[in-house]
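Notes follow once the structure below has been shown.
In this document, chain identifiers A, B, C, D, E and F correspond to the written order of the chains, with residue numbering beginning at 1 in each.
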Amino acid sequence: MRENRLRTLFADKKLALNGWVSMGNSLLAEVLSHSGYDAVTVDLQHGLFSIEAAVSILQAISTTGAVPLARCSENSLGEINKLLDAGAYGIICPLVNTREDAEQFVRACHYSPRGGRSYGPARGVLYGGADYFTHANRTVLTLAMIETKLGLANAEAIMSVPDLDGIFIGPADLAIDMGLAPDNWKDKQVTDAIQSLVALGAQLGKYIGIFAGTVEMAQRMKEYGLDMVAPGTDIQLLRAEAQARIAALR
Amino acid sequence: MRENRLRTLFADKKLALNGWVSMGNSLLAEVLSHSGYDAVTVDLQHGLFSIEAAVSILQAISTTGAVPLARCSENSLGEINKLLDAGAYGIICPLVNTREDAEQFVRACHYSPRGGRSYGPARGVLYGGADYFTHANRTVLTLAMIETKLGLANAEAIMSVPDLDGIFIGPADLAIDMGLAPDNWKDKQVTDAIQSLVALGAQLGKYIGIFAGTVEMAQRMKEYGLDMVAPGTDIQLLRAEAQARIAALR
Amino acid sequence: MRENRLRTLFADKKLALNGWVSMGNSLLAEVLSHSGYDAVTVDLQHGLFSIEAAVSILQAISTTGAVPLARCSENSLGEINKLLDAGAYGIICPLVNTREDAEQFVRACHYSPRGGRSYGPARGVLYGGADYFTHANRTVLTLAMIETKLGLANAEAIMSVPDLDGIFIGPADLAIDMGLAPDNWKDKQVTDAIQSLVALGAQLGKYIGIFAGTVEMAQRMKEYGLDMVAPGTDIQLLRAEAQARIAALR
Amino acid sequence: MRENRLRTLFADKKLALNGWVSMGNSLLAEVLSHSGYDAVTVDLQHGLFSIEAAVSILQAISTTGAVPLARCSENSLGEINKLLDAGAYGIICPLVNTREDAEQFVRACHYSPRGGRSYGPARGVLYGGADYFTHANRTVLTLAMIETKLGLANAEAIMSVPDLDGIFIGPADLAIDMGLAPDNWKDKQVTDAIQSLVALGAQLGKYIGIFAGTVEMAQRMKEYGLDMVAPGTDIQLLRAEAQARIAALR
Amino acid sequence: MRENRLRTLFADKKLALNGWVSMGNSLLAEVLSHSGYDAVTVDLQHGLFSIEAAVSILQAISTTGAVPLARCSENSLGEINKLLDAGAYGIICPLVNTREDAEQFVRACHYSPRGGRSYGPARGVLYGGADYFTHANRTVLTLAMIETKLGLANAEAIMSVPDLDGIFIGPADLAIDMGLAPDNWKDKQVTDAIQSLVALGAQLGKYIGIFAGTVEMAQRMKEYGLDMVAPGTDIQLLRAEAQARIAALR
Amino acid sequence: MRENRLRTLFADKKLALNGWVSMGNSLLAEVLSHSGYDAVTVDLQHGLFSIEAAVSILQAISTTGAVPLARCSENSLGEINKLLDAGAYGIICPLVNTREDAEQFVRACHYSPRGGRSYGPARGVLYGGADYFTHANRTVLTLAMIETKLGLANAEAIMSVPDLDGIFIGPADLAIDMGLAPDNWKDKQVTDAIQSLVALGAQLGKYIGIFAGTVEMAQRMKEYGLDMVAPGTDIQLLRAEAQARIAALR
């Protein structure tokens, strides 16, 4: 089975950069995947599209060496199974607030006996190889989002779930739940939380990723020792550059 | 943030007319939205399409002054969040039978601390404005469907949920659950139920909407004092006019 | 091969009623096809969609007994061949202004030796049957649009093309080319033109169809002896009924 | 209402052959439906598409006499209702492990008083007929998948649910849950399980279907007395023939 | 009819900034249209999509004040008519090399007696208004691309066509035809050509637009006195920002 | 720029096997591309889809080593340019009957000075590489279809066009034009024509490809010394295997 290069990067303590596809267009995904990211995530949660677009986006990513990830819209075995069948090499699951949430999530990502994933990896065998079934359980990455105060309080319990590979921090939702504006990641409550999660990850041997809307934030996250950073969505990139060019020309 | 004109209409005690899109075509939605409705609902429950079509339909509605609403396919945070992210200014949730159902529904529609909506309003900020986050909780309408005998029995408990703005009556399902044919809205059981819900709404300060497949029924609902009426789906409109023209020409 | 029931209707001097799909949605097409039309036309000219939608619309029509027709966007062998491959049982070609236009059109609709249609009827054999190739040339209907003053002047030359089955009048474009508003079909110039084309059709043994935006116009066309009338597009039907219902409820 | 021919086949003890659509293309579905299957299933579980494609696939199947079935992606009332609204004449539900799962599933498939299906059969009335509501509850087939050791242990309880018509065995998932490779259907554990389920079906008056990836397996299943066999997915058919032709030509 | 604000800008000698959609996604188009451009062009020539996507993109643009333009894939009446029917307020036509090309192009854009456009403006009347037909001929902009040495040689003849509003320069194709690399716009041959066309436009009263892949080039074009500049495609914006962020973080 | 492996295969006198995608589904294309073909052709002529589907199919092919080819629907610069922009590494053009047709075709495939291709290779640079422009003219394959008696008569003139790489024989259309059934490739008229074209190719240094619906025909073509054979479309493969399995089980 094709290896999951993110695991190698993480093992080598190299920061993985993660592109983010929230518009349902496969050419856009291919453009991003050719830009130099280590991984590209197709976002089914805030991305306004469904599985058809996700499949074509995963195909587009697969024309490059970037590792294809997907964020599911909710902790649902049905949807997670489709994304894995479609060749995603890792799942980011939103709103994991308890150990039970995390256990349910990782069960959905693994075949028996480690979980209850149903068999039918149509694109999995194309992208991964004919021996997909044999290696899938240890290839696919499972990343639980911690993005609420409750999730934060339960972080150790969540990160102690054996088959969970790591967490992915949602700083906007975390800020909101702390009573802050969504982009207020510089608030000490938020940065403390992030740093404590990074420390916990180091202690428990789990990977820690995060979303960062700006380069400034992404650089700070790099300094904090995150394993993976997603420096902006496709929409943020597009708008930033469009507005910069328009401003330069007015 | 762009105001929700339905709230103004309701406050002014004016009947709101609601167009209904159950075919997944954005040109159709634009044609309907230009026909004079106060709001247009994209129906993810009995409409046979998913979020991609819903987004393009919401875009089509947004070319006009009609307020964009959406009916979700079920009481699911994941789907409701996508519809709100896509710029829906109100959600109609089917099969709300208990107070717990209603609470779960309104939590999905609001950001913390009023709920657990996740942040990422890609189209919300385009349609609503840059200050979307600040005002979204009090702009978005939450309408729970009462369409079973159980929901009817729990109507007061449901309508007492603080963040719920109102209900939307499903007369066909209600009739079926009463042992009647789905179009038998004239049966006294059904009309009594509708009128009691209208009275309860007046008492509890909640808006009451309804679906009405024919003009005759819509007129009766207007007399009953409903706040919002959806006088037929796109399919019903199309079929009615096609059959009338064919009959006239045979 | 499945017969073309329009040919039978025309032979029996029965008025054929033709539904008109200009929105690219297959459920809409299926609803219309179940409404009682003798034929349903998928409009690639003013319909804002392309061949994918046309295929699914032709599939939808094929679930009923209505004869599937298509209007091409221009007199192009490539597009006409695709529509026939997709199972259309007749082609309406816009803007046929000269005998050469008509000859080019009918050549695109027939296999050698009667024309230059290329072989590959993927849906043709599914809808028509395994003997499609043997009978296609005499089953498929060819209807040339006369909708300019030039086309009108050349009507006899056009209608004398042997493999052309008939014409389809475009009254809006004809009116515009006569210096009138597009909906001014009652002007004597237009009605005279229509009646002269009907007379010419009777003389030359060709079928005469027309588009009619309202029931009133369709009834007049029936009186004039047209073979086929399309009484309104899907958009016209939808808007008429929506506006009527809204007016009734305001 | 149009009859469900599978019920007749089952009553006549004739083996039903079931085509399997897991690629979201309606022309492909129409090609398969014309190939001679008794039923064709649109697979929303491992098929990488959503409801729009499912609708167009169901339309394609409806151009033939094959009975349209659907496999939902999970035991969800919202999705099952959409598939039934779209004209599916039977639902195959994955991962039914307990009697409670089975009861939830059949409730989603039936209108009150037998269940909680919501009313709005847009394509149901087109495919089934105007009297759809009256007959739907006894026309639509409900088939629960048994594909885990837990489901197997609970088979009698599951099959005793009154409104459940039968089961559909998932041999790959069952094999995995037994510690075998997914294609190891010849293992005695699996064949014993299949035969015991067939015996239980005969005893309890329930239909037993199964998926079979190869002709060899399908033939064995026929010998075992299954009521319905799905001899390979569209992907399996395509790949088998492509590889055979390539091998012959190298 | 809704006015064409580009005509006002041009009359006021204000530089119009033009967004460029070459990926077929309507959310992307809406994001761009909200970024501050005066117009947004949907590109059917090098954009890898067809009319369905173009319609949804034009709908997205119509939710804002940006003027919707379209570039057709070739000088084809059929395609140009569809784009105008879909609500485009201007057409950019590639590869206009001769006066005959220009005459054919403008005929396709206007109703009789100024041209041969066919009537059926489904979205035109929605976006433009009910009086669309009366004003369309003088509202819609016609911009011919000059992008070959032959076109350059014929520039005066092309720009003398009465109903042509202006030209749009294709600097990459022009450079290639001059034997240069496509991005070699700084070569004197190219800048001389651009400046001569600007001068010719001033003399003949025609608008001059251009595509400019970088801000540097766009600024130079502004200095040259162009009326409209398209400062980069969506793909260029996205890639530029993605690569900049990745470079900053490595 | 990524090399065109077909050129190497042809130079090495190895038979190239060509998969054929005529259903507009990218997963299907990916399955075929993983089956062992040397090239896979996306067919815009008899394939019932348009450029959006073609792009996603080309992306799917690009996940493998198979060379992506496209057949255009007609000899149109606009469409051919889109297919090349989308990353096709070769174009098969139908109905090339004269030297003028061939010259028009090859001009559409090459940048100036060898042709009039317009610059904008959005996917070309992703698939081919950043130096796409420099090498595209000598990388892209141009294959003209000879499939009429006229084309056959003009074969030497067609094949003498310098920038034409070879021809692709359409045996079904050729048979029809000779007065035979489309599948009558064994007729001496057809086999003589094929063999004479192979001989002419050897003499003029041009590649000769052909479509072959069955393995038997493909093997004969291999014996004749063809350079490339397309042994059946996706539809033919699917139907053959479906019918074989059904026959085995009845």
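Note that contacts are C-beta pairs under 8 Å (C-beta built on N, C-alpha and C of every residue); 3 or more make two chains touch, one makes a residue touch a chain.
Quick caveat, the model's predicted, so the values are computed rather than measured.
Hopping across touching chains, the smallest step count from subunit A to subunit F is 1. Listed options B-C, B-D or A-F contain a single repeat of the A-B interface, assigned here to B-D, on the basis that more than half of the contact pairs agree by residue number.
The chain with its CA mean position farthest from that of subunit A is C. Most remote chain with respect to subunit B, judged by CA-atom centres, is F. Separating the centre of subunit C from that of subunit F, both taken as means of CA atoms, is a distance of 34 Å.
Centre to centre, using the average C-alpha position, subunit D and subunit F are separated by 39 Å. With centres taken as mean Cα positions, subunit E sits 52 Å from subunit D. The residues of subunit B that reach two or more other chains are 24, 27, 31, 48, 50, 52, 55, 76, 122-123, 235, listed in rising order. Pairwise, the chains that touch each other are A-B, A-D, A-E, A-F, B-C, B-D, B-E, C-D, C-E, C-F, D-F, E-F. Note for the complex: subunit A touches subunit F at residues 26-27, 30-31, 34, 55-56, 59-60, 62-63, 122-123, 126-127.
Taken in their complex, subunit F has these residues touching subunit E: 50-52, 55, 76-79, 81-82, 85-86, 111-113, 116, 118-120, 122-123, 133.
The part of subunit C that touches subunit B in the complex is made up of residues 15, 17, 19, 23-25, 27-28, 31-32, 35-37, 48, 215, 218-219, 222, 229, 231-232, 234-235, 237-243, 245-246, 248-250.
Against subunit C, the residues of subunit F that register as touching in their complex are 22, 24, 45-50, 52-53, 73-74, 76, 94-95, 147-148, 170, 172-173, 176-177, 179, 181-182, 235.
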